[in-house]
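Shared between the two complexes below is chain A, which has chain B as its partner in the first and chain C in the second.
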Partner chain A sequence: MSLTTSDFLAAWWTIAVGTLSNASCAILGCYLLLRRMSLLGDAISHAILPGIAIAFLLTGKIASFPIFLGAMGIGVLTAFLTQLIHRGGVTEDASLGVVFTSLFAIGVIMVSAIHSVDLDPGCVLYGLIDAVPLTTQPFLGFEVPPAVGTMGSVLIVVLLFVNIFWKELKLVSFDPDLATSMGISATLVHYLLMAMVAGVTVTSFEAVGAILVVAMLIVPAATAHLLTDRLWSMMLVAVGVGFLSSLFGYIGALLLDTSVAGMMSVVAGLLFLLAVFFSPRYGVVSKVWHNLALTLRISGEDIIATIYRAEERAGGKTSGAGIGLGESLRAAGGGIVGWLAVAGFWWQGLLDCRGSLLILTPDGRRRARSLVRSHRLWELFLEENVELPLDHLHDPAERVEHFIDRHLQEELNDVLESPRKDPHGRPIPPLDSMDEA
Partner chain B sequence: MITYNTLIVLLGTSLLGANCGLVGSFALLRRRALIGDTLAHATLPGLCLAFLLLGYRSLPAMLVGAFVTGVMGIVTVALLRHWTRIKEDACLGIVLSVFFGWGIVLIKLIQNETTSGSKAGLDSYIFGKTAGMIAQDVMIIGGVSLFCLLVVMLLFKEFKLVAFDASFARAQGWPAVLLDLALMGLVALTVVIGLPAVGVVLIAALLIMPGAAARFWTERLESMLLVSAFVGFVVGLVGTSISARVDNAPAGPVLVLVGSSIFMLSMFFAPRRGLVARLVADRRSRLRLENRRFLEVLFDLMEPALPERQPIALADVLDHRGWSSRDLGRLVDRAEKHGWVDRVDREKLRATEKGLRKGARYALSHRLWLTFLDEHPDQIAAYANLSSTDPAELLPADLMESVRGKLLASGRWPSADLLETSEELSR
Partner chain C sequence: MPTETPTVPVSSPEESPTTGTDSPHVLDVHDVTVAYHRRPVLWDIDVTIDQPALVGIVGPNGAGKSTLIKAILGLVRLASGSVSFFGQPYSSARSRIGYVPQRGSVDWDFPVSVLDVVLMGVFGKLGWFRRPKAADREWAMECLRQVGLADMHTRQIGQLSGGQQQRVFLARALAQRASLYFMDEPMAGVDAATERVIFEQLGQLRQQNKTVIVVHHDLRTVPHYFEEVILLNMRLVAYGRTEEVFTPENLRKTYGGQLGILTDVATSMASKGIRP
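Let's look at the complex of A and B:
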């Protein structure tokens, strides 16, 4: 396959239009996502179809400024009708469902009746992004497809809108009550946002169709939401995801010889899936990893605490007492987790083997002593403050001991006035015994 | 007139509508109205995959494929909601658009590989095509509908519980997750069999609209299901007839529009719960409240001169309450019609015996409330919208007794001879 200059230009313009419309959608999508109104975006993108059909009948074009304005009107109307039917006693999701399917149905019937090559039900679904490079207009000495101009101006409008209403949008998204009390009309901001969503949807519509524009509105924003916590960085990431899905969507569609718009949303979905699994903070893998690490730490700590108690019974650290592997696995709750915990603590130099016994290294002993100290302080604290019976003290302390840090330990020690014995009469080990050194 | 083909199509769509109404009602009550939409869009790749794997059009295989990816879609929604910080609405949108995009990618692939003849078959799944329905389709629809009906009848009590209060059901030890899954399974089956007729994009509407319309007509689940199934039946019947007669009217959108028309009619004109009925009822209760206030004020003003019925100046009445003079004029006109007041002249009026009796009763109830609130100001919040109800209906008997005593002692009990005939309040 040899690439000619025109092929390259076509690729360049298609990706450009995809990126521009993805960027506008992604930025507004962030607000939709944060306000839990993603489906309103979905609904609006369906609902503008009759408007597009009417406008097409009147002007013969899909994207033009009057249509942009008309779509904004329909966006507001959709949000308003949904609210109205909701007030009429229908749940919010059902009223949304009724409104947008009805408007979409009207649109489909109108489009079918128009019978035009440029606007058929297929185009409603797939969009015409493949046709973008086919027509060009001279602009500053370059041959530029008009769609690039349209999408570029829409992006500028979106950026202006977000810039001007930054504070208001942010407040309304995160705390509508606070916004209202500060004199910002949440309703007005809501309808402004819906108008913008409709405007952006209608211009992106030509490129990717009614349903896939939903992917551009929601998926990049959701991906970004998994990766970052700040609004502006969320928008940046969302735009980046939009760009990547345009780029790889186009390449993928070229390789498989299939729909560019469909491929773009599939790529966006794959990027989202990557974020679901591998996001550093909110990803499934990192969650599982953290849970596993915590489980191993707790099991290992249970093991060294058990050895420490064995030493205590045998008469102190010099006794060299240890416990068998079987007993330590039982202390860890058994199974593969126990093995991993033993291996991990051995690796960290906290445990050692002597014959068939597991014994503590000096480091391990220090850690175990601190744990037992936490455990017994907590038991005493529970006994004095919660007045639990003696035989109910061990279990809660066994759970909490792993989460009591040095600082809390000190506080407990002060509150309990540096006690020497726990409620069972066993000694509370001192923080750092001098003889350790 | 009616051919065998038309009969088949009508039978198929009306059965489908009825089944959508039945299953959709539960989804609606469970607040899962839009999951049908996501599910439907997610069936598209399954349809295409089945076609790609088999290489020819086989309805049962494609429906199975659609069911598989549809269920994959809702399972994905559930997993995303459970695993990530993304909220349910966005999960629905993500699955809907990405699966649909996947489907479109596959459709284009199929179009590349095959002749245009078989490709048209796939396109018809997007907006629906009833005309091509054959006896086999109707058998499938009938079988699935029967199955759904049986499941609903067997699990009626459980579904009812989960639909109205899922957390209560869980707390009571019902397997709420399993029941939810069963419900979603029925929704998935219904969506899948509706695809050939209504299409991927709009089948969800058929699930939502009959239930939403039926909700306006009844308060009981049993009758709601019946009404909803009937509405769905009518939607199928009427929608198909229209779509068959009008050129270029794809079946799916027409059915949806028939559904939304019925929904709109229900929303406006249903007795009791409809908007018109509620407006009328609102207006009536507002009138009742205004009349009550008016007679109460009139009684207050005439009370000092009783038993003599001295005329009262309209201006005094206006002083007493924040009515505009036009409102007051209307109130007086209405009261006159009811025979509660006589106009003495343009400026003055007085209550009739009948009006006084009513006024005395309202004033008593008002004063009892005032006394009660004087004594127990901490209770205000517990008894909202006080003045329009008889306190004896709301207050416990012992409290009522003490409030009565207080009011009697204050000497503000309305004149006894006006009251004894109406209520035993003065006892």
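Let's look at the complex of A and C:
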């Protein structure tokens, strides 16, 4: 397959329309996601059907602008009716479900009553994105497909809306009660947002179809939320996801010879999966990494505490006592984790080798002493305050010792009035400072 | 004696110092009844606060403490009654009123920084469309400083501890520069340091002749923190100076079981009102 200029132009315009439409949806989707109303986009995309029909009845033709207005009106009506029913004692999700299915049904009846409107289900699902490059018309002095002009204008309206109401949208999305108490009516802002969502939905419908619109109202925002911690960066990333979906969706559709809009949605879903795995805060990979790091720390600490106890039995730090590798691996719970823990602590300068024995460095000894101190303070605390029998003390202390920091040590020490011996009669090692003094 | 009547005047008008050039009362809640789905949850509440004070609202779970605050602020509809602030309706007085909702009422994963949240405190004064300026940011930082969180201003709010989050809410309230504050459980589940900071700030607000009305859950600290107390359990049990109305008898009335009849009546009204 050789690429010609017209192939390239077709690709360019299709990706452009996809990106413009995805960007509008992604930006508004951020607010829907943060307000926990993501499915509202889906609901409104159904509910606007009577709006389209009424606009058609009034004007007698399928034109973008009247339909845009009709959809916005229905968007507000959906939000209003939902609130009305909700206030009557029905839960919010059920109210929404009742409203959008009823409006959709009314729309279907109206459309079938108007015989001159031809509503092709395939066209509703996938839109006309495959047909984007087929026609062009002059727009600002350039020959562009009409959808580029429409979706470009819609994006500009969305950007203006977000810019003008930035402060209001943020406040209402975060804390609607405070907003209302300040005179910035959460209800009014909500209606404005619903009108925008409905308007964007209906215009995007024609260009890219229902699947892509609903996906773009949810998926880019959800992806961006995993990766960012500011609203503006969340929107930027969401728009980026919209662009990448458009680009790779188009390429994928070409390669697999399938629906462009469908493929764009699939790519968005894949990007979301990537974010789930690699998000720095919530990601699976970072969780696995943190768990591994914690496991290695605990295993390493168990090893140095074992060596410290061996030193203690042999008569103190001058004894130069150590333990064999086998014993240290057993202390660490064995296996690959043990090896990694030994290597890690050796690399951090906490462990050293002498012959076949693992011994403590001065740093390692300090850390080990603090651990044993935590362990024995905790055993004493359990005995005195929880009144556990002697043979119940070691296991809980073995787990907890890794999480008692210096601050907690001091608190325990104060509560127990600076004890010298643990319940088994072994000495509680002093703090480093006391040791040095 | 004062426990017999629900409303105990804080002081007679003659003793009351002039609290402002324009205001007969700081807050006047007159015969307010609130219903959810026609089931009354607050009955005929009358509270008149004559002069600046730290006021605690106490009562058992489900007593309508948060609802009372929301009703006063116009966030839930009144079934009957009226509320005025400094002698004015809410719409004219709202720039002088600050609000701290319950910490659990917002999403702390929301992608905003600590400073962003505090800055929201000035949005009311800015009104629609106007953007916060550099001076507003300065002021928000100053409010953060007062609650001891200035060095955390760039953090995303979810990275704070519960107590720190509560202090962010307090800083946001300070940023509102109000004269009358409503705070919903600001000391619920906070650490000792936060409780100290909040109490200090309440004291400072009081010194600036401001009124702070606080839903509070810890009965032991009520006499220590609050000059006046509202005892609430669906109806007003007592309101007045803490040393006068915070009595074992009133607490028994508030937390005791004799309010069962009210619940029964409310249930009966709800069942007749909505469903046949």
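Everything below uses one rule, namely that the second predicted complex is superposed on the first by the 308 of 437 C-alpha atoms of A that agree within 3 Å, B and C clash if a C-alpha of one lies under 4 Å from a C-alpha of the other, contacts with A are read in each partner's own complex, and residues count from 1 in each chain.
We adopt the following convention: a contact is a pair of C-beta atoms (placed from the backbone, for glycine too) under 8 Å apart; a residue touches a chain by one contact, two chains touch by 3 or more.
On a predicted model such as this, the values are computed, not experimentally measured, just so you know.
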Partner chain in contact with A:Ile109 - chain B first, chain C second, else both or neither: first
Which superposed partner A:Ser233 touches (first chain B, second chain C, both, neither): second
Touched partner set for A:Ala16, first chain B, second chain C, both or neither: neither
Touching partner for A:Lys167 - first (chain B), second (chain C), both, neither: second
First, second, both or neither for A:His225, with chain B first and chain C second: both
Touching partner for A:Ala321 - first (chain B), second (chain C), both, neither: neither
Partner chain in contact with A:Leu178 - chain B first, chain C second, else both or neither: second
Which superposed partner A:Ile359 touches (first chain B, second chain C, both, neither): neither
Which of chain B and chain C A:Val132 touches, first, second, both or neither: neither
Shared contact residues on chain A - chain B and chain C: 36, 88-89, 225
For the chain A and chain B complex, residues of the former touching the latter: 33, 36-39, 41-42, 85, 88-91, 93-98, 101-102, 104-106, 108-109, 112-113, 115, 121-122, 125-126, 211-212, 214-215, 217-219, 221-222, 225-226, 253, 256-259, 261-266, 268-269, 272, 276, 282, 284, 287
Residue ranges of chain B touching chain A (in the complex, touch as defined): 28, 31-34, 36-37, 41, 80, 83-87, 89-90, 92-94, 96-109, 112, 123, 126-127, 201-202, 204-205, 208-209, 211-212, 215-216, 248-250, 252-254, 256-257, 260, 263, 267, 273, 275
Contacting residues of chain A [partner chain C, same complex]: 34, 36, 88-89, 164, 166-168, 170-171, 173-175, 177-184, 225, 228-231, 233-234
Chain A-touching residues of chain C, taken from the complex the two chains share: 37, 70, 73-75, 91, 94, 97, 99, 101, 105-107, 109-113, 116-117, 120, 123-124, 126-129, 131-132, 156, 158, 172, 274
